[in-house]
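The next part holds the structures, each set out as structure tokens.
The two complexes that follow have subunit A in common; it is paired with subunit B in the first and with subunit C in the second.
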Partner chain A sequence: MKRYLILEDGKVFPGEGFGSSAITTGQLVVSNNRTGIEQSVTDPDAEGQIMAFTIPGVGSSGINRDYYESINSQCKGVVIGSSISETVDGSIPFEEWVGSLEIPGIKGVDIRALSRYIHDNGEMKASIMDTHDQHAIDQIKALVLPPDLVKQVSTKQSYPNPNIGTKMVIVDLGLKYSILRQLSYRDCNSVIVNYNASPEEIANLNPDGIIFSNGPGDPNDLTQTIKNIKVLQKEFPVLGIGLGSLLIAIANDCKITRLTHPHHESSLAVKEVASGKIDFVNHNHSYTIDQKSIGSSDFIVTNICVSDGSIEGIRHEYLPIMSVLFEPEAAPGPTDGYYVFDEFIDLIDSINHQDWSR
Partner chain B sequence: MAISGIHNILIIGPTNSDKNVDLSTALYDTADILHKLGYKTTIIVENPTALLSSGDFFDRVVVEKVNGENVLNYVNQFRPDAILPTVGDRNALGIVSGLNGKISTTKVLGTSYFAALATFKRELFISKLNQNKLPVINFISSDDEDELYDFIRSIGFPIIARRRFSNRHSSGWTNINNLFELDNFMALEDDKTTKIEIERSIRGFSEYSMTVVRDRFDNAALIGTIEDIEPIGIHHLDSNLVSPALSLNDSKLQKLRNYSIKLARVFDIVGVCTAHFALNHKTGECYLTEFIPRMSEETKFLEYATCYPLATVAVELNLGYQLDKLQLDSGNSFNGAEEPFMDHITSRFPQWNSKEQRYIGPSKTSDSSIIVNGFSIEEVFNKGPLNDKLNDNLTRYEQLHKLDDDQLFEKIIHPTSWMLDVLLEAIRRDFELPVLSEVTGINMPYLVVLKRIMENSAIIRDDAVDEENIERLVEMGVKGVGYSKVLLDRDEIVTKSVVKSKKSISVASENFENRNYFVTSGISNDIEMTDRKKIVVRSPIITSKKNIMVRQFVLLQLVKSINQNGLEAVIVGREPWSTPLEIRDIAYEIADPHMELRHLNLIPNESVFKIIDFSETLSAEDVENNEVFQISSKKIKSLDVKGETTMRIIVVSDGDNFTIPSIIFRKSINDKSYEISSFNNFLTQPEKNEILEIVKQELSDNNQINVFNFELVKSNGHWLVTLISEGMNGDIIRHELASSVHVIDTLVKMILGNKFKIGMDIDEIFYNDDDEYLVTINDKKFETFDFKETQTLLNEEIKDY
Partner chain C sequence: MAKEIIDGQTMTRALTRITYEIIERNKGIEDLVLVGIKTRGVFVAHRIESRLKQLENISIPVAELDITPYRDDKDDQHDTGDVKASPLDFDITNKHVILTDDVLYTGRTIRAAMDALMSSGRPKKISLAVLVDRGHRELPIRADFVGKNIPTSQREKIRVFMKEIDGEDKVEIE
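The block that comes next holds the complex of A and B.
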């Protein structure tokens, strides 16, 4: 069935529909992930997004439910160039899988042209529709995307991920399961809480450290969480990942800016400033921390993106606060960033809570 | 920054690269960047005519047999600061592995002695991998029959076996499924120094290769992944290859990536390393089967697939540069810390010179390859192995059509070079895909793609192309099977499908000075052109499998010359993949440059000064069009006369006057033949007069600018013309190397409207002041002599010249 991907500025990309035949609208994000479509589609970061995957021949590697990053899919639509209707491991074919998730999909799109268009014109809203008349374009323009994306994906109730090691509280801003996988691998005894869980509620859990997770949307919308960070960072070691990292920066009076070319790529180089070591890690963020505002804060830059020089990691000069904008849990992407979890646990181990807290 | 103390580098060249364009371009790119960075280079090479460069490209060319003794002699005599063995073939690594402790302070770049040795000694490779907990198949190498049989009893059948000879070469692997086959293999005669190597067969596993780069600071990046469509059991270079490896999910990809980087660390490879893997998708078993710590066919393929300049990066890493601080030349830096992303599929398909089916197996049989780009597997299949213009698939179809089912099944069980055609025919007969997958070891997604192609071809056969399916057909690459005219009515579809230009490196981008755009995904898809007049260099629609080296040489020299003469060269066609980095940036890959150039409107018509075309035949439209210059070789005259003394001369004509800048003399004495270059300098005045008269007479009707190749035989004391052709033939590399006059540049100057001086004297016509002469013995052994030595050779060996 002929369908159209329509951008809010009126640009139309025709293709063939698959999956759900519903009309859908969302923020269009072009992803250069090499693999792991099931991870990307189920990543809570994808809430409210139509994801365009530039990888060719989608689907032949198969779909593995064990790699999901949340129980259900989060994204609003899937755009691809070409797909393959059979898998190497006999698992469910890609298009059938997208259908089973009731996500609208469109294939046969000139994905290179689309990707280039977004590169040149910036991220924007888009719809997958059956027609491409002016009325459809007006509808997209008029639609306001919901601002409370984190609210949609954050856990409503706290739940444990029990183990015998370091006690962690994870503030769920759109938590990927792979963060839990990495913590479990390190025997961490974790409790996952709602994004607006109060500092008291978290303190009552008596954690050794707190992780503010990745998540979707604009960090400036999360005013309460930012306030909570201001309190908690004085009491506990803190690690921020993705959105969590941006919130830590805002809580410490650093400015946030939108990247001219957002990072949605499963393998992009970051450099550790101190050692010069280069790692390839998964990126999925549209914002970064303003370089100038770091200078007047108590933070130092620990990691930068090799390609565009944007900040990818900061650390407090004397408090045990570290944060990275990239996704150290990978999923998908190279596993070079796993060390971040080890460093955070080492940081927790190396300090005496009673000695430094004020 | 680079490690200090290295100024002079000895490059160990390939033993015989006349068929190996991959290594030649890597060698060219390597020497080019070394030159730009101010290093002095010497190359030791057996066949200087197999280099993709003119004579002055290297600081010194040593024409010798490429072996340990000659390398050691050179090192002892000239004391280079470093040896670079990674752009030679496997032989270069063998030489290096034998130099340990013999070359004093001269460093070895790119690989270690140990790594080089481990590429030959399987036991060393396996023990190192076992030590470092990398997955490897256990193996035995022994000349003791009892020991071998004990080992086989412990692992069971099937196994693979090969003989390793004392000169480090080996027979190809043989599949052995039972005791009977084993006894037959063991019964083959061999000398006592031959060892037999045996390992568990992983036949049927899927094969992948990963290429990583690593700097001396231990930063490493995965540059590309390749998947073999055929399973283990068929030689990697006889398999149809696809990049990126589409069938790896994230978990498998990261596992193989981590193994590859760990492998490079274990062997301390600073530069480039390709690791091969066998993976069983059903059981999850995975083994490292091989590693290649040098430039190779894979690296060349990935360079084109990803636009990542691997040869340039590798040699800079060898020299100690940091991955994110590399140099394009002495002024411009660029960032190599990228894991290139591909929004397209690039495939390498083996090609055989023979039109007949050939059985394929563990030993390589293919003669060359072609590389194509597309956005889907269907598209690359249709452009490559199923492209009738390349492979004569319709004839194959007719032959396979005549087989009964049992005969066809035999072809499926015993794979041949027609594998995909055989499978298409089987699918046409409704053979079950899972059965075909089980028998061939080819993964289901590829068979499903073939089924789609089969359905698609039915649409074309039934002439049912319509508005509904035309777009799908184009996406599947049906242009490659000759439906351009139908499809060209829809410009927007054509543009979408065929333009695959890619930019390799972009420095000093306005916003991000350190950003490189290796990838094509939405970044840089157009060639940036100046406002200079263009000369479009068009490669043929039908890509010949032969003489790739010659075509690439001419292409490179043409482009250089066009640019040096103040115009801008743009290459369009099928073959930009085999060009050096220097000109890959100005290449558009277009399947059918003749039909499509106008429609795609890539280059404004008014800015095109000339089109230089490599096709064997021009279209009627082109023939009428004065703008098109045909550069391919075309026979004008032929006479069947043979003789022991012959000459091949090249003539450059401006339509009125001509020069003869290079003559190759050949004489056969008994069983030996000698060829001497730049023979202009040994001709007597009467001989020059005689040749001049012959050429004048033969070209008396010519009023065209072109080069002409004359072959003459000495008969009864006089020279007799036996063959005349116009355009570039296989001798051009030799003529260019041997002549102090740049033949191709001279031709370009004439095309641009220059003329030879009227009334040139005979010495000006035969001008060639080369002082080094290339002597070839029996077409194989190349030696360089000076004038005196050559004269002595002529007087003493080649008597009565």
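The block that comes next holds the complex of A and C.
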């Protein structure tokens, strides 16, 4: 069935529909991920997003349903050039899988033209529709994306992920399960709470450290969470990942800007400033921290992106606050970033050790 | 049988963390001086210095300290009694000295290092950063910055390898 990807400025890309036949709208995100498509589609960061995958032959590496990053996919639509129906491992074909999640898809799109268009014109809203008349274009222009994306994906009730080690509270802004997997691997005794959980509620859980997770949407919308961070960061060691790190930056009077070329790629080089070490890590963010505002703050820049020089990690000079914009839990992508979790646990241990020895 | 307990990556990470902790606890690093105890402590000092430079854009002085004449366990026959020579080539008076060494064990090396420092000036403060703390202190000394605490028995040996002299970064126990 012929369908159309319509961008908010009226640009139309024709293609063929697959998956759900519903009409869908969302923020169009162009991703250069080569593998781990199932992880990107089930990532809660994809809430409200239509994802375009630029690789040819999507699904050739198979769909592994053990690699989900949430129970239900929040992705609003999938755009591809072509897919491969026979997978190397005999797993479910990509298009059939998208259908089983009831996500609308469109294939046969000139994906290189689309990618360049977004690269030149910036990220925009888009819609997958059956027609591309003026009415359809007017509709997408008038569309206002919901500002409460985090509310949609954050857990309503606290739940535990019990273990025997360091006690962590994870503030769920759109938590990827791989963060919990990495914490479980390090024996962390975790409790996951709603994004607006009060500082008292979190303090009552007596955590050794608090993690503000990744998540979708505009960080400036989350005013209550930012207020909570201001209180909590004085009492507890804090780690921010993705959206969480942007909120920490805002809570400490740093400015947030949109990246000219957003980072949506599972393997992008990041340099650790102190040691000069290069890590290839998964990125999924459209915002960054303004370089100038960091200069006047109490933060030092710990990681930068090699390709565009944007800030990828910060650390407070006096308080135990560390923060990375990339996704250290990988999923998808290389696992170079895992050390961030070790570093946070080391930070907690060194504080506990200090208290004990003084 | 020697067993590797810290690999190159973990050592790099430990040194980076020590650097962050030095920044965190000092509120400005202008007064700092790094003094490495020969041999591997000097490399530890240089690695911390290069990290501080990358992060804060400030170059802080690094000195090497040879504590041989100050040791209390050296052979009496070779004891010349000449311990007055100043081992440092700059003034440490009113500076915050961070002593660095690879392994903290009995604490006798550190005591000797402090004697050597005191004989060449009056530092405002002396802190200690070590890559490995293996326990079994014989003096009331502890490290302010520890890369890794490794509980050991006294029969075991800890060997630190560093790229600058050994060609690779690792710590072995045997």
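Just so we're on the same page, the second predicted complex is superposed on the first by the 352 of 358 C-alpha atoms of A that agree within 3 Å, B and C clash if a C-alpha of one lies under 4 Å from a C-alpha of the other, contacts with A are read in each partner's own complex, and residues count from 1 in each chain.
By our rule, a residue touches a chain if its C-beta (ideal position, glycine included) is under 8 Å from a C-beta of that chain, and two chains touch if they have at least 3 such contacts.
Quick caveat, the model's predicted, so the values are computed rather than measured.
A.B. asks: Label the relationship between subunit B and subunit C on subunit A in the superposed model as either fit or clash.
C.D. replies: After superposition on subunit A, which the two structures share, subunit B sits beside subunit C with no clash.
A.B. asks: Have a look at where A:I300 lands relative to subunit B and subunit C in the superposition and call it first, second, both or neither.
C.D. replies: It touches subunit C, and subunit B stays clear.
A.B. asks: So, A:G108: does it touch subunit B (first), subunit C (second), both, or neither?
C.D. replies: Touch partner of A:G108: subunit B, not subunit C.
A.B. asks: Looking at the overlay, does A:G81 come into contact with subunit B only (first), subunit C only (second), both, or neither?
C.D. replies: A:G81 sits against subunit B, while subunit C stays out of touch.
A.B. asks: Examine A:Y339 and indicate which partner it touches, taking first as subunit B and second as subunit C; both and neither are also allowed.
C.D. replies: The answer is second: A:Y339 touches subunit C but not subunit B.
A.B. asks: By the touch definition at the top of the document, which applies to A:V231: first (subunit B), second (subunit C), both, or neither?
C.D. replies: It touches nothing on subunit B or subunit C.
A.B. asks: Any idea whether subunit B or subunit C touches more of subunit A?
C.D. replies: Subunit A has more residues touched by B than by the other partner.
A.B. asks: Mind working out whether A:P320 is in touch with subunit B, subunit C, both or neither, as first, second, both or neither?
C.D. replies: In the superposed model, A:P320 contacts subunit C only, not subunit B.
A.B. asks: Vertex at subunit A, arms to subunit B and subunit C: angle between C-alpha centres to the nearest 10°?
C.D. replies: Reported to the nearest 10, the angle reads 80 degrees.
A.B. asks: Could you say whether A:E272 touches subunit B, subunit C, both of them, or neither, answering first, second, both or neither?
C.D. replies: A:E272 sits against subunit C, while subunit B stays out of touch.
A.B. asks: Between subunit B and subunit C, what minimal C-alpha to C-alpha distance in angstrom results from the superposition?
C.D. replies: 10
A.B. asks: Output the subunit A positions appearing in both contact lists, the one against subunit B and the one against subunit C.
C.D. replies: 276-277
A.B. asks: State the interface residues of subunit C toward subunit A in the complex, per the touch definition above.
C.D. replies: Where subunit C meets subunit A, its residues are 9, 12-13, 15-17, 19-21, 23-24, 27, 51, 54-56, 142, 146, 149.
A.B. asks: Could you please specify the touching residues of subunit A with respect to subunit C in the complex?
C.D. replies: Going through subunit A, the ones touching subunit C are 272-277, 300-302, 315-320, 339, 342-343, 346-347, 350, 353, 357.
A.B. asks: Quick one: which bits of subunit A touch subunit B in the complex? Just the residue numbers, please.
C.D. replies: Answer in residue numbers: 30, 32, 34-36, 39, 54-57, 59-62, 64, 67, 81-82, 84-90, 108, 110-119, 260, 265-269, 271, 276-278, 280, 306-309, 330-335.
A.B. asks: Which positions of subunit B touch subunit A when the two form their complex?
C.D. replies: Contact set of subunit B toward subunit A: 206, 217-219, 221-222, 244, 246-254, 257-258, 281-282, 322-324, 335, 337-339, 341-345, 375-379, 443-445, 447-449, 471-472, 475, 496, 511-512, 514-516, 519-523, 525.
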